[in-house]
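In the two complexes below, chain A is the common chain; its partner is chain B in one and chain C in the other.
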Partner chain A sequence: MATKHSRSAARLMMAPAVILLLGWMLVPLTMTLLFSFKQYLPLRGGDLGWVGFDNYIRFVSSSAFWPSVTATLIIVGGVLAITITLGVLLAILLNQPMWGQGVVRILVIAPFFVMPTVSALVWKNMFMDPTNGLLAHLWRFFGAEPVSWLSEASMTSIIMIVSWQWLPFATLILLTAIQSLDSEQLEAAEMDGAPPVKRFAFITLPHLSRAITIVLLIQTIFLLAIFAEIFVTTGGAFGTRTLTYLIFQRVLESQNVGLGSAGGVYAIILANIVAIFLMRIVGKNLDA
Partner chain B sequence: MARAVTQQRKLINTTLAWGIGLLIFFPILWTILTSFKTEATAIADPPVFLAFDWTLENYTAVLERSNYAKFLWNSIIIAGGSTILGIMIAVPAAWSMAFVPSRRTKDILLWMLSTKMLPAVGVLYPIYLICIELGILDSRVALVVILMLMNLPIIVWMLYTYFKEIPGEILEAARMDGASLKEEILYVLTPMAIPGIASTLLLNFILAWNEAFWTLNLTAANAAPLTAFIASYSSPEGLFFAKLSAASTMAIAPILILGWFSQKQLVSGLTFGAVK
Partner chain C sequence: MSLKNALYAATALTLVSSGAMASENLVIATVNNGDMIRMQGLTQDFTDKTGHTVEWVTLEENVLRQRVTTDIAAKGGSFDIMTIGMYETPIWGANGWLVPLDDLSADYNADDILPAMRAGLSHDGTLYAAPFYGESSMIMYRKDLMEKAGLEMPDAPTWQFIREAAAAMTDRENDINGICLRGKAGWGEGGAFITVTANSFGARWFDEDWNAQFDQPEWKEALEFFVGMMNESGPNGYATNGFNENLNLFQQGKCGMWIDATVAASFVTNPNDSTVADQVGFALAPNSEGIEKRANWLWAWALAIPAGTQKADAAKEFIEWATSTDYIELVAANEGWANVPPGARTSLYENENYKDIPFAKMTLDSILAADPTDPTVDPVPYVGIQFVAIPEFAGIATEVSQEFSAVYAGQQTVEEALEKAQALTNDAMEAAGYR
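Let's look at the complex of A and B:
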């Protein structure tokens, strides 16, 4: 169907997007690579020449490196586990017959539209504040000592905040998927005496696998880069410094561009390992 | 008998779902309520829910303290500008990939998505430098372009998915009738593509409105949008719950309302139609 004429027209129409994205990827990436081999301190002498792999070695051997990788993986893993588990349960619940389903749905998805700086600040001050926060009031009401959430249970707090933001997304996607499930199949299984747990494990869950994959993919992309939530809550203190945040500190706060760039290259490598894995899954799903 | 059981089950479902729904929505509700309290009521122990003297003083205070209108305007320009620019570049690209597919189309799409995997922080300094060199640091132009590029892969994917759903037979019929490429686009495709384009616009606007990494790092006084305006409340002088709530409510209200209207599109859009 496609003629030679339409094919060259197609190329022409694709060109701006492809060229822009290629530039967006290659130009800064090349610069980052270049800087990563240099001693580059903008406020203390500027470009001080080539240093080979020094920055790479220094970045990995810094005492902050492995904790930051661990923090990243714990946050991403924790949020994924919470949002997907609760998302599946909530999707099943919301799929049941009930009154006011539309309104409940609106309540549940609302956090997704709240900007990350707002949600982080609201949680930090109005809920997690150890003297005036709502959780502190609640703890005192039950006679317990209020928790200084962000300093004592910092990781838990961050995971809570970020999960609150992403649960709506997971729920919404999984709910959509569950609605396409053939209810006759479930009813037949029920007739045959399959208990709810078995019906869930052998019918519902396999049906959801594709939607779960999509949630996993999209959330991982965004979670690897969470920034605002940490920026306005702990500022990277109390063990919540992710790889993203560590690099941000090296580059902008301590103005060591060379070292930060080496960190950036590590972050890109990490993201790509995850990406290759995820892309395969999406590639398979794309054929449909 | 069976009917009674389902009614009972429906009641349980309703109670449970509303309970959980309200729990999830609670932080937003609480923020909105707090924004109408005085500072003293806002931190009262035990907390006051509805029985307080409603006041607008926090809104006036926030508006006086900072140039809210300017932040709002920056948000609108940055989110709107990047969305419109992105659509202008993405529509032709997605159109050609959907209707003139080649063997490499899938690879190109995957490659585009892979640029989303590039951690922003890894290229922060180069972008910062480029902005300084071009004299556009802390300008709306810079953010329009950067957010456009950031969301471009997602827009292309979304549009591609929507365009794919337009049946090819209609196009063929138009061609049979002798429609030129221009007529084909104007009279056949555009009307069918508009709903898809509209929801892409909406979603992209939401994503750009809430984006915080680039806006926090590349703006200061001039081009700062609402994300940065709110972040300024993390300083100790801004630790006033009621005022923070008023500012937050003003920052999220427009997008929350927009989001609720576009919740259906959100699913097909963000999952690239892979979940039906």
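Let's look at the complex of A and C:
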């Protein structure tokens, strides 16, 4: 049991880590807020003074703003739908007793260890290239005209690449959850004559709901900041410019730190709205 | 002076002089292209001569630009030497961010630098970066496919001829595209190419009052011509092809013609990398009938010293080593004359050994045909051929080229793209205080 003395000792020992972590978050956050109210143009002499809410107004009134929010939400939604659906299916499959189960599991999880930049490059050059890509050869083999994936179906392509990377994460979490499912319960249902679909819908799926919530929350947080895959494949062209990418363009390509910082503040607000919304709708599962 | 004091003085003097002679470790940011990688392999020669060691930070072009721009603007001080281009040099020079290079040694012979390169790397007549290599753009074509199509490439063709030749060379059954050109979004990729194409159709980015000109008929004509020709004879998915993608296609024998950087000539004629090495011919970049300006640009990858570095003297020694005639001879001795960094020095083109290289003359002619101070038919308020030398350009042109790439991918019409380009350019110029 913790005494008053041991509690204060614990606080003292944790203090450096807490201060460091707070600093780690607060310094960039404060600087972003500060810059967002300034006209800060590094290539034109740097800090040109306070401009109030000008950057905020300019950022949202730019014609690129709403399309970028839409693109972000489509990518997040698309990847979540694919990874969760396929993740559940794969988890069920991998849970079946089979020969070489260990190897298969490692293979399924492997994409998660590939760096986003590398996986985007591999997909772009080896699979989706309309002349030399594997998919182009496959299309030609069946007598079809190869598809220019990254320009003609840019959103679909990016969702595919990102889903490929995140599917192992979803599968891993869901597989762990499914392994904790009581097999006697399933057997009892089977003996009572419940068909497989009903057993899945009324026993397996409810059991997985907590794991699905975790996948949903963690993936959403990471996917809102998706960048490398877009940078490598389309460079933000063909309607794939997400909010993060737009901020990158404003800060680094246009060298307008103030405008980009205002965008950064909007992104923080958006991420928090989505997180709170998710917590309220699906977070209830975590309490159950 | 007592003996003790004399000893102190002598010790101090020794320390000072050895400090001045100390060998330094230079951190150099560079781009990951062939000539720079070759230079890294030869660094030992520099260390042997001067005692200074070198640490390389090699980055992909777009990433390099962002890293060095951020570093110099924020006074990060990560590098002693930076590899920058003709776009950055005059802007940074004007901001006082670079060490002037007007005091290089007499042996270096700065007057030998090609005048066009010198002008592009100077601000107010002061040289701020030394060209490692220089380039323009030109046509590279397959002689065998030209012959098969029953055509002959003139030294200075028009766009109309190029379009006909491209259609005649296209052989979809055998996966041969008449022409491969950049369509990839990005100001230095597709943005650069469509800008020089537009110049050769009489278009320009801005009028003399900095108003965007995308609502003018010349831009529409240029863009429609480009899209029409690429849809007829270009490779599938050209909207995502940049320099490297087209280089690969050409080396694999999948392009009849390719208009791009003159430095690519040594890569497409190198039998180790190119399946069509012995079939490549060269011609000047095309112009439109009745218009004098050609679709060729001017660029140099150059070495510059950020102001504020503590190692400016050692950095200057490195720049002199890397961009000197001695270095050119060192590469020639190791790898042959075809692989020396081209386009920077006049003397290279007077060298008997270099004259026999098949692309030497066309490279020089292309460089000489480009004038960054007079890039368009109508007068403009800016310097630069495939870019506009103002800090806002990189951001604006990247967005404009994204709109154009969407046209190449069939996602919007030429009119829609031009309308958006006009609006976003004028908005940005207004915000920057030009209009």
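To be clear about the criterion, the second predicted complex is superposed on the first by the 276 of 288 C-alpha atoms of A that agree within 3 Å, B and C clash if a C-alpha of one lies under 4 Å from a C-alpha of the other, contacts with A are read in each partner's own complex, and residues count from 1 in each chain.
Please note the rule applied: contacts are C-beta pairs under 8 Å (C-beta built on N, C-alpha and C of every residue); 3 or more make two chains touch, one makes a residue touch a chain.
For clarity, every value in this text was computed on a predicted model and none was experimentally measured.
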{"item": "First (chain B), second (chain C), both or neither touched by A:48", "value": "neither"}
{"item": "Partner chain(s) touched by A:252 [first = chain B, second = chain C, both, neither]", "value": "both"}
{"item": "Chain B versus chain C as contact partner of A:144, first or second or both or neither", "value": "neither"}
{"item": "First, second, both or neither for A:225, with chain B first and chain C second", "value": "first"}
{"item": "Contacts of A:25 with chain B and chain C, given as first, second, both or neither", "value": "first"}
{"item": "Touched partner set for A:119, first chain B, second chain C, both or neither", "value": "first"}
{"item": "Which superposed partner A:201 touches (first chain B, second chain C, both, neither)", "value": "neither"}
{"item": "Of chain C and chain B, partner touching more chain A residues", "value": "B"}
{"item": "Partner chain in contact with A:109 - chain B first, chain C second, else both or neither", "value": "first"}
{"item": "Footprint overlap on chain A, comparing chain B with chain C", "value": "132, 252"}
{"item": "Footprint of chain C on chain A - complex, ascending", "value": "41-46, 58, 62-64, 129-132, 136, 145-146, 148-152, 154, 234-239, 241, 249-250, 252-256"}
{"item": "Residues of chain A that touch chain B when the two form their complex", "value": "1-2, 6-7, 9-11, 13-14, 16-18, 20-21, 24-25, 27-29, 31-32, 35, 90, 93-94, 96-101, 103-119, 121-127, 132, 134, 137, 140-141, 164, 167-169, 172-173, 176-177, 180, 210-211, 214, 218, 221, 224-225, 227-228, 231-232, 244, 247-248, 251-252, 257, 260-261, 263-265, 267-268, 271-272, 274-275, 279, 282-283, 285-286, 288"}
{"item": "Chain C - residues contacting chain A, complex", "value": "66, 69-70, 73-74, 91, 95, 175, 184-186, 235-237, 239-240, 248-249, 252, 254, 391-392, 394-396, 398-399, 401-402, 405-406, 408-411, 420, 423-424, 427-428, 431-432"}
{"item": "Chain B residues touching chain A - in the complex, by the definition given at the top", "value": "6, 9-10, 13-14, 16-18, 20-22, 24-25, 27-28, 30-31, 34, 43, 45-47, 89-90, 92-93, 95-97, 99-102, 106, 108-110, 112-127, 129-130, 149, 152-153, 156, 168, 172, 181, 206, 209-210, 212-213, 216-217, 226-228, 230-231, 233-234, 239, 241, 244-245, 248, 251-252, 255-256, 258-260, 263, 266-267, 270-272, 274-276"}
